[in-house]
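Pasting the structures in now, so scroll down.
In the two complexes that follow, subunit A is the common piece, with subunit B as its partner first and subunit C second.
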Partner chain A sequence: MECTGSKQGAFYVLEITGRMDALTSQGFEAECLARLAAGDTRIVADLSGLEYISSAGLRSILAAAKKLKAAGGDLAFCGLSGIVAEVFTVSGFAKLLPVYDTRGEALARS
Partner chain B sequence: MDWYQIPRELREIVWSEPYFDEGGGNTLMATCSVPFYHGVRDTRHVAGIVTADVSLDWLKRLVASVQVLDTGYAWLITRNGTYVTHPAPGVAFNESIFSRAEESGDQDLRRIGQDMVRGGSKLVESRSLHTGKPGFLVYAPLPSTGWSLGVFSPRDELLADVNRLALVSAGLGGGGFLLLAGLVAAIARSITRPLRRLRRAAREVASGQLDAELPEVASRDEVYDLATAFAHMQESLKEHIRDLTAATASRERIQSELRIASEIQLGILPKTFPPLPGHTEFDLFASLTPAREVGGDFYDFFPCGPECFCFLVGDVSGKGVPAAFYMAVSRTLIKAVAESVAGAGQRRGADRHNAQHGPPPRRIPDPGHILARANNGLAEDNESCMFVTVFCAVLDYVTGEVHYASAGHNPPVLLRARAAPSYLPTHGDPVAGAMPGVEYATDTLRLAPGDALVLYTDGVTEAMNPAQELYGEARLAEKLAELGDASVRATCQALAEDVHAFASGAEQSDDITMLVLRYNGTTTGGMSTGDSAAADNTTGGHTTGNSTGGSTGNGAHKT
Partner chain C sequence: MDEHAIGPPTRPDADTDEGASAGASPNANADAGASVLRLRLPAHQESLPPLRALALAWAEQAGLADDLVPRLDLVLEEMLMNVFHHAYPGELGDVELALIPNKQGGPHQQGDRTGQLSLSLTDWGVPFDPLAPPDPGLEAGLEANLDAGLDERAPGGMGLFLLRTLAPGSSYSRLGQANVLTLTFGA
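Our next item is the complex of A and B:
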């Protein structure tokens, strides 16, 4: 799994690629916490490059989302496809967390 | 008259051969004759000869007195080769160098004699006829007489000094070498003594005696460094082995604890099949194959309320000990909530019955309600952000009606008699434990006798073979269609075997859990009940729908 980020307006966009499983998912949580420490509380995770996500990956996302929320921010997602979209749907994460089709939509929200 | 004729003819000074002047001087003499002349230059002629007789005794004595080393000697010959002096008695005046050469057949001596008579001067290596020793002969002419003096030096005596010097040198060299060799050996021994002791100690250490005593090295040299390094290595080895032993013990303890934990975990899962002895309305079988000692999967089933039977399957996020803890908490909480919901329903039903005196209404516990309450319990103080997916269903085994709800779990498979297997649609309600306040939709379906539900965890559909291919939902449906109406136990076992065969040796990465429930219909009504139920199914009851009293609806995301 790889994380690359850039500031876009009020949001910090993280592009996640590769596989998010028990071995790598800590990296996502750590990255979000690092952004939080740097003052970015509103994060958009672009998962269009993500090939696979395990339950450990979901746990990592949940942990990051909770911490951002506690700091008054939020964590939104966009670009889900294939098995990742299916996992989000089946696990109900699509209901728990804000999910957008495109990055544009994710960045357009207030 | 040689003394007169020869010089007169030769017109030069002539020395006679030595002769014994008997009657004259009675001694050994040689006569020197010198001519003198009339006139000058070309016209001169010999006027007379002057002679002088010279006694040779002094010469003999002189030559005899020449002492050359120990056995060396000198001799004198005339221009004819006759010995004038010679150390051997009877040789002087009686023999010439040529006669001696002839006598002994010594060609070298003859050549030497010829050269001496010619007035040559040389140093030659030869053997003495007199003493028989090898040596060096030096000869040179005496100019005025034409005689020649020879001096013989025996080789051994001549070289004696040289030999002695060589011997002394050799002795000194050899002795010095031996002394040096001894010294070197002693030094080497003193250096290698600790090395040898170190080697003995090293062998002992190598054979496993880590407490072998190391030699003390007094010198501060490389050997000392080596011994110090070796001692350090010995200590490190001991320490390493201590650590290893401790680590092994600790690992064994953890392993043993994990084994016990595994037994406890599998022990809390119900294993009585069929689950309700005496009831034949339904069959149920479940199995759980952990990927590691402990895992996060679970299944459960228990009666909840009159003629109601709750069954569920769950999967905790992650693996290992954390997942196992969360699994134990989840399973216990869900069961407690389900029983409490069932109890509350009964009480409400009883109250209403008492109030209205009508027939007691049957209230089936609502799985969505159970999951909502369990979710609130699990989400509370959930610092680890772990969660669990649960499929929870309640069967009314009198009617075959099933109420079910899913918290982010894989959709179960519905097996209808004479129909292809189908996946139950779910609402995509969130996993339990993630956030409090979530509501879960409850759906209802009616099972006809012979219909079955197959619950499973993603360990089944996400089982991987070595080519990284997933077992998948399509394959699962296919396999279940193939199994048809086999018994629940046989279905479970055949499915487990199929997944195992698919993985073909690839390491199992997730727990594999499955639960199969087949509805048989009520026994009291016999087949007629089943038939009517089946008829009911064909007419209308096959679709699932919300059983909701409005609270669940379609989406339960409340923030």
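Our next item is the complex of A and C:
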């Protein structure tokens, strides 16, 4: 899993690529917490380059989302496809968290 | 170390199928890893990459459809993590991945992505059936958890849910001291 980020208006966009599995996914929560520590509470995770996610990845996302929410922020997602979209749907995460088709839509919300 | 005390006699890490590797199949050398028919490794996280690589090599050789390969990948990880974390409380045991030979025999036609793959995952730890119908209370709890809001939602239980949802052709047996989970993907 690779994480690259940039500030875009009110949001911090994290582009996640590769695999979020049991061996790599804690990196996602760590990255979100680092942004939180730097003062960014509204994060958009662009998953268009993410090939794979397992329940370990979902746990990392859930932990990060709870901490951002507790800080008054939020965590939204865009660009899901393939198994990533399937896992978000069957796990209920697609209803639990804000999920958008495109980054533009994710950045256009208030 | 007493890691094999609860299992059958230990065996080499990998058995190759001599028939297949000596055979005249044109695909026999397409992926050397795929000719290994079983792999037994310690049940800890470092064993995930080699077991995964072997299963993916089998999937390639079997001609498994492209949309089924990530499901295999996911269910295998979930079930391996389950064994790593829960099968051997307080000790280190083994886990074994084995290919269940295709009934049709031989490698799949190249380019035809309609193949089937069956594999088994065996551990010699505490009896556990990941496919057992959860008691109604637990099932209701899981359903409620899927719909729960961010603050109410508890992590965990998702791996077994993904197994039941994404690998409908699965079965479990307790054979002697072993838990054997069989996963089948494809037609």
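As a working rule, the second predicted complex is superposed on the first by the 110 of 110 C-alpha atoms of A that agree within 3 Å, B and C clash if a C-alpha of one lies under 4 Å from a C-alpha of the other, contacts with A are read in each partner's own complex, and residues count from 1 in each chain.
Here is the rule we go by: a contact is a pair of C-beta atoms (placed from the backbone, for glycine too) under 8 Å apart; a residue touches a chain by one contact, two chains touch by 3 or more.
Note that the structure is predicted; figures quoted are calculated from it, not measured.
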Three-chain arrangement built on subunit A, subunit B and subunit C clash or fit: clash
Partner chain(s) touched by A:Gly82 [first = subunit B, second = subunit C, both, neither]: second
Subunit A residues touched by each partner, larger count belonging to subunit B or subunit C: C
First, second, both or neither for A:Ala94, with subunit B first and subunit C second: first
Partner chain in contact with A:Gly9 - subunit B first, subunit C second, else both or neither: neither
Shared contact residues on subunit A - subunit B and subunit C: 22, 55-56, 58-59, 62-63, 66, 90-92, 95-96
Contact footprint of subunit B on subunit A as seen in their complex: 22, 55-56, 58-60, 62-63, 66, 89-96
Residue ranges of subunit B in contact with subunit A within the complex: 315-319, 384-387, 389, 407-411, 426, 428-431, 434-435, 438, 458, 555-557
Subunit A residues within the subunit C interface of the complex: 21-23, 51-52, 54-56, 58-59, 62-63, 65-66, 69, 82-83, 86-87, 90-92, 95-97
Subunit C residues touching subunit A - in the complex, by the definition given at the top: 45, 48-49, 67, 70-71, 73-74, 77-78, 81, 145-151, 153, 155-156, 158-159, 161-162, 165-166
